[in-house]
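You will see two complexes here that share chain A, one where it goes with chain B and one where it goes with chain C.
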Partner chain A sequence: MISRQFLIEFKRSFTHKNLLKWLGIILLLPLISFLPVSTGYLYFQPVDVFQETVGFIIPMLFPVLVVFIYLPSFLQEQKNHFITYTRTRVPLNYYILVKGLMNALLTGFIILSMMFFTFIFVTFIEPNFIQIVDYSPPLPGDHEVNVTFSQFLEYGTWTYVLVYSLWVTLNAIVYSTISFLLMIILKKSFVAISVPFLFYHVFNFVSGVFGIAQFSPLSTVFPFNIEQQELWTVFVPLGILLLCISILYLIVIRNKEDWMI
Partner chain B sequence: MTIISIKDVSKSFKGNVLFENINLDIRKGQIYGFVGPNGSGKSVLFKMICGFIFPDSGEISIDGLEIGKDKRFPENFGVIIDRPGYIASKTGFENLKELAMIRGNISDKEVVETMEMVGLDAQSSQKTKNYSLGMKQKLAICQAIMEKQEVLVLDEPFNALDVDSVKKVRDLLLRFKEEGRTILLTSHNQDDIKICDEVYRINRSKLELTLPLIGDSHS
Partner chain C sequence: MSNVAEHLKDILIKFRWIVIGIVIYFYGILLKNEIFSNASKDGLMINSWDVSLYLLNDIYIIVYFIVPIVLFISATIVLSDFNYMTLIRLGTTKKWVFRSLRRFWSKTSILLLILVFMSFYLTIGVPFSWDWSQYSKSNISHDTLGEIGLVFTAPFVAFLFQLGLLVLAISILHIFLSLFYVTIKKRNIFLIMCAILFLGSVVGFKLFPEEYAFLSPTTYFTLKNFIDSFNYPLIGLVVLIGLFIIFYLYILLLDINKRHYFQSIKSYLPHGIYLILCLTGIVSISISADPSKDTILDVLVLSFQGSNSESFSYFSFFYYSIVFFGLTYLINLDISREIEQIGYYKIIRYRNLEKWFWSWFRKFLLKVIFFLLLLGMFSIIIGAIVGLKTNFDVTVLYVDWYTILYHFIINGFLQITFYILSVFIISWGKREASYGLILISIFMVLMLPGINQQGVIPVGLNSLVNLLEHSPYRITLVLLIANIMIYLLIKYLFTKSFKN
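And then the complex of A and B:
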């Protein structure tokens, strides 16, 4: 029954409106981010352009993007009691579970695609067809800026991009899942959707104030504004978020009677 | 033949005792009415029958299988509870199709036919957010009947409907009864209740059978 419901949900999600929205995130957003960083800077190699591109607008929009991919449709269903009328057709726990999985899957897929498209664009499309970025080999005395995750570059650019993209994807899934669980628990869905955004920006501010910017969400998900840190530092905010997910999940299970009505 | 059996069911909700050891057998092919003042527990009773919430004690069985124990939720029930539910940005047809997809046992044509049956235009591009209350109610009726559900549990099905639509829906329900479908409904309007074979009043946490109104219903 779950697999069937999953297929149905998959079909339901692929509306024209959603497809346009997702294509905008995958294709348009990297291009918009690319334009301001494409000129006026000197780059050694495409991976530097990739880092600048994904480190520009995307980090600011990240907590909004991840809830924008799938959750508005869930919000619509919640808002006008549509879900009540699914309950004589499929068990509610299956329905909600499938929604949660679909949210994670689609959010992950769209964010991963956006990261990969950015890399493919700056590595293959731009140098061959557009050529507006200035590349020059490093001169003696120039030093390459290493950031957290740069340690993976020694295994090749593709490995680096794959590991880094999966890292951003994992964070996107975690942030959107927190919103999803909050939407089940809280009566005010707008608050539920806003919480990851608030956590992301407030924690950035607080970590800056306390001089522990290496643990801020911005510097751990998109570590391009901070010099290379030990890899374990990026797992600190993620660990906190995973703890939040576990607590929220327990609350959802404990308050089953409330949200099931 | 008993299709729904309510045995010694008690239920409190938010500190209020709504039902205390109520018993009722619902027979197939009959129309049952439930009346009572606001907050007396009509919707809670329907939610328990549908398996949306569970009794504090006692049991509710559908075709001999206890809800929440032998059966997770009653299949083949058409339900209107509390208020119509819909996705505001979609048309009426799209809303019904989304629901129909879950079971996947009816075609688009059958969805359209159901809409026409209650007086909704299936081809209309009007989003449900722009529907009137009456149209939303018709949409709720559509989703409850479109899959030829055996049992209809309808909380205030005539709410917000105009006179013609009320008559149309009443006739529909009587037709469903003739087809052998079982109907449970609530209403504050005595005329609506007249189509019922048995009417129960919820009074002081008990179900009291009021006079059957069979004679009036078919006149």
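And then the complex of A and C:
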């Protein structure tokens, strides 16, 4: 039953509007982000361009981006009291579960595709067809990219990009799932949708005030604004978020009568 | 039959105390022998106070023996005594907490008596004196009593203080546990809390470094640790009494219907958090300012410098976002209520979209002005409190003070008005306030370095750092044009929605 429902949800989420939105995120956003950083910086290899592109506009949009990939459709269903009428067809908890999984899956897939497209664009498309970026010849001596996660560069660029993209994807899934769970229990959907946004920006500021920028959400998801940190530091904010998810999950499954449907 | 059982129980209880006494006695013998051997090695005289104070201050017997028993007594009393019958009889939870404390002490006092009795019993055969012995005065290597001999004039006083400290600490422990149970009313979590307290006291005296010793419960059980941990023992006492007062205040609040207060606080919560965040930023900036050079207006400038395409720092960017986009977000919350929940009823009442719009928009404008004045005042007052120079010079920018104030207030007002109007357009057009968030994020992107180079995009123009490149009047002009254009757009949208 769940797999059938999953298939139905999958088909239903591919509306023209959603497809356009997702294609915009995957294809257009990296390009918009690429343009301002394409000149005026010193680049040695495509992975530098990749880091600069990912680290420029996307970090500011990230908490809103992940929430708006799939959740608006759920919001519309809530507002128009659609979910109540699906109960004749499918048990409510199945429906919600499938929605949650679908949200995680689509958010993850689109963010991952965006990251990969950025990389493919700066590595293959741009040098061969567009050629705006001016690569400097490698400096004498050992040139290293010193940001967190570039520890993986020694296993190859693809490994680095894969690991880093998966890391961003994981965060995207966590942020949007928090929003989803909150939407089920909170009366004000605006608050539920804005919680990841608030968490992200408020803690960027708070960690700056207390001088622990290595634990700020920005510097752990997009670690291009500070120098290289130990890898464990990135798991501190993620750990907090995972804890929040577990607590929210418990609250959600315990208050089935109060679901906002 | 029941009499026999009662009798048996009595014997068993007494038997339990005897066992405890015996354990303390044998442990005390070990300690006594240790003191004897140490003293004879150095050829020092000891007296009875060494033995009894040493036993009372021994961290191992406290942590591994006394604390578990106390926790056990406390937990059994709390768990067995908390039921609705008792509560109804007593009337209030406050009375129940005091009753359980009384019952707790009726049992724990026996334990303490045994401990004190044993500490005296062991001194049989040791010379008695009212003064400190040679051994405790010398205070050389063995670290038996630490600095107690230096702090207290007579051993008897130290003994009294030790007893008082133990009583106070154990009482606070029990009050904490009973309040914890009253608050959560979950048996398992309560037991976990007891386990945490026990483990905390075990871990506390081993692992915590000196600076954090005040976090460990063990510090408060023995005079020796207490004096070692605090530079001034008075501070430790203040901590304990402070805890006591906090718990007492909590006891007073126990029986009040909290839901009512909670509801009224809840509606102020977003604004409260927001103001705290704003204050945090100002305070952290004024603390890092240089009192010999910087003035109170510098705090204003440094706090609200924001960022533009030329100069960018993450801290001021985030602080700008928190302050100005935070305000926009809060107003967006109100707009969402206005549009989604009560909008249609009010529109019917006002009969005119524009009248409806101004009916609430006016309030927001006043809020923005009030808020800007508040922030300005805060930054000046905090700057003065921190001890910066109180004159109207600005040292970090080469601009007059009235230009700064003009820019901060007038341009700030226009800028926030622009944010609010644009957020309103999105919310009105989509009938859903959440899309305002996308707009705020786009605004944040537009403030990143290298994007708004000409200063014509009306975003982030009220950053004080803009005064370096543009005249404030030019910025006012840009913002005015932007506001007028967006207002005309709103008017157009209103007329269009009438036609539909």
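Operating definition for what follows: the second predicted complex is superposed on the first by the 253 of 261 C-alpha atoms of A that agree within 3 Å, B and C clash if a C-alpha of one lies under 4 Å from a C-alpha of the other, contacts with A are read in each partner's own complex, and residues count from 1 in each chain.
Basically, a residue touches a chain if its C-beta (ideal position, glycine included) is under 8 Å from a C-beta of that chain, and two chains touch if they have at least 3 such contacts.
Please read all numbers here as calculations on a predicted model, not as lab measurements.
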Can A:5 be said to touch chain B (first), chain C (second), both, or neither?
first
Kindly classify A:208 by the partners it touches after superposition: chain B alone (first), chain C alone (second), both, or neither?
second
Under the stated touch criterion, which partner chain does A:68 make contact with: chain B (first), chain C (second), both, or neither?
second
Is the number of chain A residues in contact higher for chain B or for chain C?
C
In the superposed arrangement, does A:77 touch chain B (first), chain C (second), both or neither?
first
Chain A positions within both the chain B interface and the chain C interface are 79
Taking the complex as given, what residues does chain A use to touch chain B?
5, 8, 11-12, 73, 76-77, 79-91, 257, 260-261
Interfacial residue positions of chain B with respect to chain A in the complex:
47, 50, 52-53, 72-75, 77-79, 81-89, 95, 98-99, 101-104, 128, 140, 143, 149
If we count contacts the way the header does, which residues on chain A are in touch with chain C in the complex?
36, 40, 56-57, 60-61, 63-65, 67-68, 72, 75, 79, 188-191, 193-194, 197-198, 201-202, 204-206, 208-209, 213, 218, 225
Mind pulling up the chain C residues that touch chain A in the complex?
277, 280-281, 284, 314-315, 318-319, 321-322, 325, 329, 332-333, 336, 432-434, 437-438, 440-442, 444-445, 448, 450-451
